[in-house]
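Across the two complexes that follow, chain A remains constant while its partner is chain B and subsequently chain C.
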Partner chain A sequence: MQELSAELIRKKYLRDEMWPSIFCNGCGIGNVLDYTLRAIEELNLDLDEIVFVSGIGCSSRLPGYINADGLHTTHGRAIAFATGVKAVNPDLKVIVFTGDGDCAAIGGNHFIHAIRRNVDITVIMVNNFIYGMTGGQLAPTTPIGSRSTTSPYGNIEPPFDLCELAKVIGAPYVARWTVSHPYRPIKSIKRGIEKKGFAYIELLTPCPTAYGRRNRLGDIKELWKWYDENTILIEEYERIMKYGSDEEKERASKMIKIGVFQDIEKPEYFEEYYKLIDRLKEGGK
Partner chain B sequence: MRYKRDPDLIRKVIGRKVQFVMGDTACVYGSLLAGCSFFAGYPITPASEIAEEMSRLLPRVGGVYIQMEDEIGSISAVIGASWAGAKSMTATSGPGFSLMMENYGYAIMSETPCVIVNVQRVGPSTGQPTRGAQGDMMQARWGTHGDVEALVLAPSTVQECFDLTIEAFNLTERYRHPVCVMMDGEIGHLREKVVIPDEDEMKIVDRVVADKDDDFLPFDVSKKTGRKVPDFPTFGKGFKVHVTGLTHDTRGLPATDSQEEHEKLIKRIVSKIADDRDKLTMVEKVHLDDAETAFVTYGASARATEAAVERARKEGKKVGMLRLKLVWPFPIKEIRKLADQVEKIIVPEMNLGQIVHPVREYAEGKCEVISAPKVGGEMHTVEEVYRYIEG
Partner chain C sequence: MIIVNEDWCKGCGMCIERCPVKALEQSDKLNRRGVYPPRLKENNNCNYCRLCELICPDFAITVIPDENLLKKTVKPKLIPVRRVRA
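Then we have the complex of A and B:
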């Protein structure tokens, strides 16, 4: 396979007319796009067999940049729209881009029910701990103590861990990575697309404009480093919790877990539904 | 798309040609024959029977039924399904209709064919769940934010629940605009005779699917028909179409800072319906030729009204009825003509007066226009309607 330069990606996958993008300097959303396209390239998929669906937010603007069928919907509803696409044409691959507000707040209900049904879609959640598009309001993922335009004295709401949530509802594939390194996100997106069933991949993504600056996480370079310093591999976390010193445990418990949370096989909803249609065709009940 | 419309199979699944069924069931039969292959909904009285019948019959004809987690999810899935190529539908009542308003506007803005059935019940809020009403007629026209037109049908009989559901699918596919079928609890639960027409007695309209030309523009006047309705680029066929609720240019790409693009887009979307107003108008005229007093009504209210008109005629009074089968776009010409002819227009409705407002607007002061409201979940009696004739 040919090594993919940024130039090549742009030519092969992106809409020229959409440049320059709306994303701020130092924003990680471009990386999410890059990793997704590299995963598609490595899987050798035809863009015409993929539909990109999104809600509303900076991250939900991604389908507009890709030269493929895209459905940029309403705030929080991407997964429900995606369910309809998949129902009618299960041969299409459906990839959803969503933000933490889009997915965990206004869209939370669709998220949990699509997982419960196990609809075969790949959800790439851009978690920047904040409402980026609307200028930095509190999100259900904002860490305790963080400042936002609507938590000016520091957040006192406990945040959601959507990976843990997706795992307990039974999503067949659940992973979280930071965008500061490409290899593991790409691998997980590939695995998610190939997984028959609901795949949830959360990417911790810097938003210097609406989150980093307000929380004094430094310049762009420092902000990106924050993600390496404040995340811990699940395996490492578990090792420390078993064998570590109290000090290590204390430190680990403040970090965000990254890694593969779940990778299992389950019956997929529309595969089951089409089996039902076939059964009825043969005179079944 | 895996579904293919199979008329013989659909007729086998529906059963006998003449049946005695509820309005809700007739609506399901109509949708199946129209070629509906996707239904998403959420239970609500008095529309639940539509979902129940769909869950039973739709998979038998090869389509997909799904019960979503709420009505917002239902209309979202319906729009997604439409872009994947399906004729799709949802059914609800007032509270669910309110929840759907944002995506109703999305369907208008993205020009997505889909049918929304509202079996109206008494509102506001939870109101009288088991009682019929016509309180959502203005919501169907103005309920979503922004500048829009609307395509809204109102059946008066169980047979019309069947006929107008087919009409709704035909209109939505032809105009790429969501269509509301405004039934009401009374008609939805009423049992009457339905006659299923044969295949050659029915007109089924399919959407005009785009050709993959190099210069195809997904949100422009059709190259194939010249109409203001763009040809449809189904997902998964290589069109690489971008669909968005943002103001977009003819390529479908965001143009959120352009006054010109917005005006151009919205004027096309609104006028693709409004230009065809007269062609679209569907009214029934009862004893109107020499009438001096006329009722203008729709849906269940037309039943008592028609009886009152017949009684008045027997007594030699020159009374007639104009029944609106398509309420929006509003039949301006018919109302103007009527206002020129009669001295008095009476508008019976199961609400505190909604459609009386456009009637008054287009009567333009040329005759008296009186509202004949009835609320609280009961239909007008013939006597109640009749009394308005005298005064």
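Then we have the complex of A and C:
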């Protein structure tokens, strides 16, 4: 097999006429697409077996760039549409691209209930801490103290940690990484697609235009560095919370945890559903 | 060899910034978007680790390993292992 290159991705996966993308200079959403396509290539999947579903937002524009079937739906409803696709044809792989606003705010209920049912979809959440497309309003994921157009003096609302949420509701696969380090996200997306059941992969993605600029996080290089400096591996976090000094604990508690939060096996909703149908067809009760 | 799809480059500079051996620099020719795409420095230090290609959000760089040039690939630090020091 030819080693995968950007040129090969372009020929095999992208809709050329849509490129270059609409994303701002330094935006990490393109990286999310890059890592997803590399995961798909490594799994040797055919694009005809996959449907990409998204809601509304900068991040939700991604399906339009891929030369595959996609649904660009309404704000917050990507997971609901994805569940519908899966209901009609459980053989399809369904990959959802959603923003933090799309997934955690307006789409929050779809998110928790799809996890509760354990629908076999892969949700790739682009967390840029803000509503990018509409000019930078506060999202449920905006860190405390951050400025947005609707929190000009600093945010006082505690943010959601969607990985912890997904974990307690019982999503079989939950992981969070930053886009500044490519290999782990690719590995997690692969694992998520392979997982039978709901896989949630959150990627911390720089948005220099709506978030970085307003929060004075510096130029693109500084902003990317911010992600490296303010994240901590779960294992390291736990080690510090056990053995660290008070100062270390204080510092670690301010950082965002990255890593694999959960990786378990569970019965999948549509498998159970079709089992039920078979049982009833055979005259069972 | 490095192929830059110049008109897709937005000039974010992350490829230049993150190359572990600082093999890239800005070229001196503006592209259609009015930015300077990257190019290899004259003194080619590239070890074909592909990090620049992976990290480019716009699929603008393709790295083609040079068959005759048997430089060792040095894998850059790719796993975010940040230690907290008080």
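Convention: the second predicted complex is superposed on the first by the 284 of 285 C-alpha atoms of A that agree within 3 Å, B and C clash if a C-alpha of one lies under 4 Å from a C-alpha of the other, contacts with A are read in each partner's own complex, and residues count from 1 in each chain.
Here, contacts are C-beta pairs under 8 Å (C-beta built on N, C-alpha and C of every residue); 3 or more make two chains touch, one makes a residue touch a chain.
Since the structure is predicted, the reported quantities are computational estimates derived from the model, not experimental observations.
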| item | value |
| --- | --- |
| Which of chain B and chain C A:Lys221 touches, first, second, both or neither | second |
| Partner chain in contact with A:Gly64 - chain B first, chain C second, else both or neither | first |
| Contacts of A:Thr74 with chain B and chain C, given as first, second, both or neither | first |
| First (chain B), second (chain C), both or neither touched by A:Gly135 | neither |
| First, second, both or neither for A:Pro158, with chain B first and chain C second | neither |
| First, second, both or neither for A:Gly145, with chain B first and chain C second | neither |
| Doubly contacted chain A residues - partners chain C and chain B | none |
| Contact set on chain C toward chain A in their complex | 3, 5, 7-8, 10-14, 17-18, 33, 35, 51, 53-64, 78-86 |
| Residues of chain B touching chain A in the complex | 1-3, 37-38, 40, 59-60, 62, 64, 66, 68-70, 72-74, 76-86, 88, 102-103, 106, 235-246, 251, 253-254 |
| Residues of chain A touching chain C in the complex | 5-7, 9-10, 14, 19-21, 23-31, 34, 38, 177-178, 180-184, 220-221, 224, 228-229, 231-233, 236, 240, 244-245, 247-248, 250-252, 255, 258 |
| Chain B partner contacts - residues on chain A that touch it in the complex | 15, 17-18, 47-49, 51, 53, 63-64, 67-74, 77, 80-92, 109-110, 113, 270, 273-274, 276-277, 280-281 |
